[in-house]
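Shared chain: chain A. Partners: chain B in the first complex, chain C in the second.
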Partner chain A sequence: MSATTVPANLYAAVQKRRNRGLTGLYLVVAAFLVVYAILFPGLLSVGGFSKFTQNWFPLALVTMAQALMMLNGGISLAIGPMVSLGAVIAAVTMGGPLGVLGGLIAVSVAGLFIGAVTGGIVAYLRLPAIIVTLAGSFIITGIALILLPRPGGYIPDWFSDLLAGHTPVAFGLLVLLLIGWKLYLATPLGLGIYAAGNNPVGAFRSGVPVERVKVFAFALSGLLAALAGLFVAAQTGSGDPVIGTPFTLNSIAGAVLGGVAFLGGKGTMRGVICGSLLLSVMINVMFFLGFPPVAQYVAQGLIIVGAVAIPQLTSQWRAKP
Partner chain B sequence: MHLSGSENSRRRRGLLMGVAAASMLVAGSGAASAAANCIQGDREAPYTIGWANIYSVPTWMKQTEGTIAAEVEELKKAGLVDDLMITDAQGNAQTQIQHIQSMIDANVDAIVVIAGSSNALDRVISDACDKGIAVVNFDSLVNTDKVTAKINTDSGEWGAAAAQWMVDQLGGEGKIIVMNGPAGISVSDDRRKGAQPVLDANPGIEILTETNTEYNVAPAQEAMTSLLFANPEIDGVLSLGGALSAGSVLAFDRQGREQVPTTGENARQFLELWKEKGLEGWATMQPNWLGALSVYAAVQALEGKDVPAFIKVPLPVIGDDTIDGYLARADQFPADGYIYSDYDRALFDKLLAQ
Partner chain C sequence: MNALKSAFRNPPLLTLILVILVWIVASLTLRGFGAFGHLRYLLELSAVIGIVAAGQTLVILMGGIDLSVGAVITVTAILLPLISPDIDPTGLVGIVLALGIASSIGFLNGVGAAYLRVPPIIMTLAMATFLQGMLVIVAGGSAVSVTNATVIWLGQARPFGIPAGVLLWVAVSIVVLLIIHRMPAGARFLALGANPLATELSGVSVKRNTLLLFTLSGFFAGLAGILILGMNRQGYVGIGDPYLLTSIAAVVLGGTSILGGRGTYAGTIPGAILLVTTTALITVVNASPGWRSIMFGSLILALLLISGREARR
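Up next, the complex of A and B:
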């Protein structure tokens, strides 16, 4: 950064604008966490914190994956199948000659490759992401079922214990990911995501390689979803070819809760993380409050609508003279 | 409304029981010595029970939850249980893991579970077992043996018993149609596989054709209707699921064909048609009271009793001689529900003593 104060002010202004509308969500999430900690004080112990963050971690990853797509102005229906495929590849390879490292590479390559191919089709053939990922979801589900027709496979115990044992490794990884995201945003391709998502023509005229930005964003999205699958496999100690299915809708819910706009170019990863955290902590809080299952369905819907509506209402109220 | 509820429940159960059958091979080892598995002897009555359901919407699940709640009420009166926590993972195995983790965090004394995935729950269930929580798993089973008990019926026996009844009914000679659930669903495959040895041993039984449909009345009726046009002579319908049989009976009825011996499950609709049309029938069931039995087994284990690691529940059979007893209780069950056999403590004690 140069010595002048203008860029710093600009940065602060941009950040302030991005945080606007998220204050409500932050408060809701904080309130839920406080209630949860009161109901279950064990949350504040290392073991309790680790287990809670482990259950949240894969959802946080897929929500980030979905947010990457939505920032591009698209939506992915292949997130869940990608999680399943990641879990299956991990469970099939890690017990074999490739070992854990080989499995990790195989999962990452599969995620990046499928994401990049999807991104290429969307960017260069100008097809809507929702259609391409819908088709992709069938293909990916099929591949996962071919690789592992029934739940099974094997993940070494030490790897499961490392990622999903009694230490907060998953949370540490999430922090690293967020730092990584910040760094990515400092690169031309990262910066381009917002520009291309918000105003593709304007971005193109300003010299942003719009297509390449898309392909990279899609590839990263695929990588995140596949890694979420890897984590799920480690957490469960095995692979299941359909375990990811519910993640598709949950990732959209989390991203929308986190303030990511459907039309692209608007949203922040910190919001997205909070959105997924709310979805996850809500389940535990309702459990400890002893909500019967039927009430949980209703409460879940109300919380989501509330978390989205409150910022809208407050901004309208602020806008009034 | 009626049909879709029924369809959902059948499909769900198909999946669940498929998983169950797959894991059954793994189960059964590791009989408990003095105390049952997982029990450390440091928990005292009254106990808190957690019921971790994978999906609560289908009728079969609602009825099963009913038997669990009723059993808990009984145990409350005896001062053995003070609370029942119920969760519904809405079909999401990942959420079910989270729920079971929360039950461990809440330090419940027992967890009763129908698994949403045969192996996804293995680690969290092992954790619960390590904490001395009595874990009883029924209907759809997990892979791990670190549970107090697994409880289920046998899908292979189901198919074999249905086929045997059909052979006996036809005197070993006749043309039959076999109605299966969806292809590729384990429970459907396992029941069909169970029937095969019996059919092989009786070459006089000719299979005209087989159907694969959802476990639902409408598609079964449609499939049977077209088969009735193609086959003027049908001596029996070997149907391996309750709603399928109801569809078959309705198809025969609409075509004005005479009813033939039909097998099925304890779906209320089938049992009522069976009596109404006066056909020769046979049915068995996946009893809803497996839920109540699981709660009872968990409490027995916590009380220091020996509980077998695998409890195989014999299939209750409904025949022409016993159907009246079932239909007399029909009004206590939902219209799209399952009329399960009567159960009591004596039956549970007998099953636990095996």
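Up next, the complex of A and C:
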């Protein structure tokens, strides 16, 4: 099982295969980035880069959270509410006696706990993830509404400046997260995500603790979504019990653009990051081109269908003699 | 004991028993709950969810899911007043046009799922996003009032004391139950949900059935949209949003497997009533919106544990 004993050329071959479907995505993202940089040259300055990555960061987090669920063969409808709850907990606790560190811990614990409970229900009670998270979305929204019935709360200014100021801290955090993901994949629980998602029975027979893998993946997914909420709270300087709502759809869109398959076990985090980046850049470019905000939905719908349909169709054509 | 056991193996029956129990207990403990007018009102609300869930049941039986029903309802409710021609006093032309639009949206979903090979959940999600944007661009995003005579009759009239919407629901239920249980098409849908490859190899066209199912789902969502418009007398952006998740919940509460291949609309009917009753009971309890939301979610989860469990495979 250990990755270190695998010969390097095999590793390269495996990685090449995993990258194959993503070449088109990389090209599209690069093209959009070039267009954006031409429209908005400030992107290349430190401040512009920081602002851009800050808008992208929460989307990248929720897309990773959704991708974790989809690698498991499920889908989460509770990502948005989880973001809201993270934002609310941050805004409620950071002004109190707990302080910033306490708030950070509270948000993380809430995310891990709710994710683990959801994962436990899905894994041990055998309910489909889509329905459990559907019910969970109502419960989580309710908790957020009780904690903070209307937008408010308090985030210390220095904390907002640190995360969402004029320095690319968000980008650095994203890089750290990706390194963390690589390390997690080197553990049995991380590797198990792909095995259990692709073929749960086969994975179980070969000794993968399928249930535990699921619970851990769900917990991590909850943590990522809650941290996205924390970041959004830092960005806006306050908490809002419904601020996360659009993130549910966007997280699915980003993950799908990034090439994560719905049936589980197929997809890469680098693709997911690119998918969320594409979504984020696309929104920015359309804004700069002067499209009305709603046109963004139209384009988003078309791009999602295109992103899934085009590779399917080309592979079909290639298969024909 | 044996009867109890078989009831537990029969989710539609179980859900129906749950509804009856809840209604009896609530009528005895809450004043006004058991009044004819109130129960009739609950059925009227259930009719809307039940009709949306009719299409949703069919799609889920085939192993798909339709996340665009909310958007289709909104589109119908907003476009119908705009496209009903003034020269037609009955308003039937507008209804036919609106149902045509709703069905063609469903058809497009089917094209995406069948020919472009986009998974239904993504296709319908993308469609919902697309419609959300198109609607604001086309209709401008303001609320529209309805003057269409038939639509208002459908939403407000009570022939023989029964709301017209409930009568419509009964008609829809009969048709859908006949499709699923008495027609070859229903058998094909269930077979597709259980094992698409085997079904295709036995000569059933996956593509044609997918197209048919999504068109039907669009049609039923459109029908529900017209009913909602008649009850509200106004269409606005977002009017259909609450019905997306509730339609899925009603299907699952009725014991239909979200993975497809197993279930019946006979379960969705009590599922829809149960959902509406639950919401009504939560409203009676004087709680803040947050607690209401928590109770609703917990109740769905609890009901799922009873009736919606996937069989161990």
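Just so we're on the same page, the second predicted complex is superposed on the first by the 293 of 321 C-alpha atoms of A that agree within 3 Å, B and C clash if a C-alpha of one lies under 4 Å from a C-alpha of the other, contacts with A are read in each partner's own complex, and residues count from 1 in each chain.
Here is the rule we use: a contact is a pair of C-beta atoms (placed from the backbone, for glycine too) under 8 Å apart; a residue touches a chain by one contact, two chains touch by 3 or more.
Everything numeric here is computed off the predicted structure, so don't read it as measured data.
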item: Partner chain in contact with A:131 - chain B first, chain C second, else both or neither; value: second
item: Touching partner for A:141 - first (chain B), second (chain C), both, neither; value: second
item: Which of chain B and chain C A:312 touches, first, second, both or neither; value: second
item: Chain B versus chain C as contact partner of A:102, first or second or both or neither; value: neither
item: Which superposed partner A:296 touches (first chain B, second chain C, both, neither); value: both
item: First, second, both or neither for A:252, with chain B first and chain C second; value: second
item: Touched partner set for A:188, first chain B, second chain C, both or neither; value: neither
item: If touched residues of chain A are counted for chain B and for chain C, the larger one; value: C
item: Set intersection of chain A contacts, chain C complex versus chain B complex; value: 292, 294, 296-297
item: Footprint of chain A on chain C - complex, ascending; value: 65, 112, 116-119, 121-123, 125-134, 136-137, 245, 248-249, 252, 258-259, 288-298, 300-301, 304-305, 308-310, 312
item: Residue numbers on chain A that touch chain C, as the complex places them; value: 75, 77, 121, 125-128, 130-132, 134-147, 149, 249, 252-253, 256, 262, 292, 294-302, 304-305, 308-309, 312-313, 316
item: List of chain B residues in touch with chain A within their complex; value: 19, 22, 53, 56, 85-88, 90-95, 97-99, 101-103, 105-106, 117-123, 143
item: Chain A residues touching chain B - in the complex, by the definition given at the top; value: 40, 42-43, 48, 51-52, 55, 58-59, 150-152, 160, 164, 232, 235-238, 240, 243, 246-247, 280, 283-284, 287-288, 290, 292-294, 296-297
